[in-house]
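Following this line, the structures themselves.
Both complexes below contain chain A, partnered by chain B and then by chain C.
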Partner chain A sequence: MSNRYWNEYQKEIADDHYFYERSCIRQTFFPGSEAAFLSILRNELGKDICDNPHQHTCTGIGYHSDVVPFNTTMTVVARLFSLMTECGYHNYVPSCVTSFGVFSEVIAKWKESPELKEQARQFLWDACKREFEVPDNIAHPSDIIYKFRFDLKPKMRYRLINRFTGKPLRVVEHIGCHYAKIFPNIGIGNAEFPYVLAGMIEAWDGEVVDYPERRHCCGFGFRQYLVRENRGYSIANTKKKFESMEPYEPDFIVANCPGCAMFLDKWQYTIAEMEHKTYDKEGYGIPVLTYEELTGLLLGYDPWKLGLQLHQVQCERLLDKIGITYNPSEKYKGVSGRINPSPAKPDCLRV
Partner chain B sequence: MNKFGFNIATTRSINLDSANLSKSAALQELVPSYRYCIGCGACSATCSAASMTDFNIRQVHFKFSRGQYDGLVDELNKCMLCGKCVLVCPRGVNTRALIINMRKLLEE
Partner chain C sequence: MENILDYLRQDVRFEESLKACMNCGVCTAVCPAAEFYDYDPRRICELVQRGDEREIEELLKSDTIWYCGQCMSCKPRCPRGNVPGELISVLRKASQELGYFRMSEKGRQQVFLMRTIERNILDIGYCVYPDRVDPEQHPEQGPIWTWYIKHIADIAPKLGANYHGSGPGALRDIPKEDLEEVHRIFEVTGGIKLKNIVDNE
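Moving on to the complex of A and B:
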């Protein structure tokens, strides 16, 4: 009987031939994640994924900050779908959880009110003489990694085991609110039991930390963050999560949303500067990884090519725990081969 | 203001795992009917002191039972102990005794 109920919490994820849409902010904060995802799909899983250079924003940040009206969002989304149609694909894969929520919202609106879809067609035609088809399948990249987690496992060089103690690493998983809290049936495990990241962690031998504020928002909240005077509310949410997870002594956090990964990482610096408080015993903070970085690390990708040096909380201690080899002298090596100077160190957070 | 131009907003949530509930537990011993309260607010609605001040016995009860003791002595001193609240309580809570004993416990 439990299996029957669990079936209601599954989602359909396409097997192959994906159209990828990049995030606005991820290439700044997690510059290796999207390249790692494309490499994992193409080189490890042998899948076909299109990375079209003409793509653009989904308007998500502006839309959720009430500066972009819905009609504009709908038309911009229609243009992105037109790129997919033009390339001959039917399975849409937006890199960002905010985009994933925006696309799901627009498609839900079009199903409820077909006249809005016709209006979007007209807007798009008037603006740029383009046409589009609605995707057959929309899946977040974390859904795809989740779907193929057991196919990836035999290819992995490392496991989520602490090599000093032999015990599973304790992992906090954080799922972006727009993944399944807006439309519960589009997420694996629904909004009630989101399993997309927990499934990866368990499959790769880690231990999921179940702490009281596990499903609380990271604090991004768009408007709360964009207006400086409101940022106190944003950081208060992050602090609440850290206080809740601290007693469980997690080894690292993994997130599937660009905003969540960024805020859970960067706010640790801000909290340390404001309150001289860090959330691990030794003052380094808790490393935050994207799911692509985690997958890439376990597959044996170079941590510096994944962009881990750009994180606020540095990851060397975690790499040591997993047993990943890396060259410290190449941490700040640029693509030209020149070694860049090390960044300034924070006053309170150890790096 | 710090260098960031904003501060961390303080939460209004109460964590019962870390709250000091010692006085609340002691009150339950002194006035057993304390635990029957359902928070209906009939006591506050009929309160004589509330018609002249901002005294709110329901709010005081709520804070006391969650270990939020700051400022409660001043609040309790607004009560005139008329006892109308005891007459209207649908659960038979001895609210007058509650107030007297809350004062005692807070002054200890």
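Moving on to the complex of A and C:
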């Protein structure tokens, strides 16, 4: 594709001075990833990013589960914008892909119907006596890592090369649906050629796996997972992706949405226990990383401070392939200095 | 009550989500829910567009509207700029406000969602929080989750989290004054009203 056309698939990403909004899902399942992102921005790239203690959920999971009305969600979003305004920032960076979609939807609705924005102002004033400005720029943190991928590369201790074979590692990249399917022009590469993760992989010498169900949903489905009786929907859709990627023998999966990363990890365990089936040849499963974990690992961050011990599919075999050094005895050690007992072993998935 | 179609039109999202469907079925072809359930977003768009009051009422009382997973894969594919996934949100809101959700098994699951996700938001300011992801209710999370929950106070700080702490950071307790503002937003904007309609026991 010529550069002329490719330029149409780019987006503007602010250069510095970000207001960070934490993610309910990422904090819950990958707290180390949020800490790593802030460290990468501040310590590796020298950027300014605000982590405000008065922030809260965007309500996105509740909104898409239909227990929170749009007017409520848009006003909660307005309160988050008021925190940003109060702190003197203009560039909003929501950690969660669901939040990224919610903020983009609210702003799009406000552009289509300016009276709706005025209603949000009135709601927020009535409820909180607060005012807000709309951000100049909204970028997902994966956009920011993508933007600075070549600045980060010289600082990296490792590359995406299999040290045993000398060949590039084969990587499945999974983009959360709400990153670019709702508003294609806010994602790098749009909905058609999402490049935010592929750009990182290629810049860091890995090989992107293209497979038939590359753009299929991870299967979260909000109420389809949150209600236990509905979870068949969720696992069936994830299974469809695993079956599609299996013949390409990926070394690992990376995702920019915290929910996707969690499901792609945990459903491998569930399928292994239910059907004695794994999607690698040795029965360990395919490791799944968040993009913050991937970036942190290549920069030389300690895997056990990034939180890789919280993954059900174990990552040591991947670390060995990359050549990352780690201390196995630190894996289950806590801040107390105590080495906690190891987790129980699954019956079928090898760990 | 006025007719249902007029009721749906009061939702600001309705006009944007259903402009003019030509029934090509691309939305159904790409829909994960259509692969798993007996579900067809093309038929839903066609039905609502047809505007038959009785049919729309039956739809709002059925399981069908609760099958969508809100992935929005339909949006970039529709050649006419419709958003079947967003239309579903409009229908679900109306189904709850009109009390029709009680007439289907999937619809009644909204009570559970109100008592978990919505309650989490109002109680602690998060949709999801580790303490509220019970390993017993989430066997798919595996033994690693059971282990994490058991040792979270020792492990989370190692990962840079501020578990139940004050000030900034992951998993911190959200200050009471901020929770009160969120609660007032729910009161002013209809969030509490919807909660009371759905979970009125």
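We take it that the second predicted complex is superposed on the first by the 350 of 351 C-alpha atoms of A that agree within 3 Å, B and C clash if a C-alpha of one lies under 4 Å from a C-alpha of the other, contacts with A are read in each partner's own complex, and residues count from 1 in each chain.
Operating definition for what follows: a residue touches a chain if its C-beta (ideal position, glycine included) is under 8 Å from a C-beta of that chain, and two chains touch if they have at least 3 such contacts.
Please read these numbers as outputs of a predicted model, since none were measured by experiment.
Superposition of the two structures on chain A leaves chain B and chain C fitting side by side, clash-free. Put simply, more of the residues of chain A are touched by C, taking chain B and chain C as the two choices. Look at A:G232: by the touch rule set out above, it reaches both chain B and chain C.
For the combined model, the angle formed at the CA centre of chain A by lines to the CA centres of chain B and chain C equals 60 degrees after rounding to the nearest 10. Looking at the shared chain after the overlay, A:N137 reaches neither chain B nor chain C. Looking at the shared chain after the overlay, A:T270 reaches both chain B and chain C. When the two complexes are overlaid on their common chain A, residue A:R338 makes contact with chain C while staying clear of chain B.
Superposition on chain A places chain B within reach of chain C only down to 6 Å, the least C-alpha distance between them.
Of the residues of chain A, those at positions 228-233, 235-236, 240, 270 touch chain B in one of the two structures and chain C in the other. Against chain C, in their complex, chain A makes its touches with residues 22, 24-28, 31-32, 34-36, 39, 51-57, 59-62, 64-72, 74-76, 79, 101, 109, 112-113, 116, 123-124, 126-128, 130, 177-178, 180-182, 184, 190-192, 215-217, 219-224, 226-233, 235-237, 240, 266-267, 269-270, 304-307, 309-312, 332-336, 338, 340, 342-346. Within the complex formed with chain A, the residues of chain B that make contact are 2-11, 13. Residues 11-13, 16, 32-33, 35-37, 66, 69-73, 75-76, 89, 92-93, 96, 106, 109-110, 112-114, 116-118, 121, 125-130, 133, 137, 139-148, 151, 154-161, 166-172, 174-175, 178-179, 181-182, 184-191, 194-195, 198 of chain C are the ones that touch chain A when the two sit in their complex.
By the touch rule above, chain A contacts chain B in their complex via residues 228-233, 235-236, 239-240, 270-271, 273-275.
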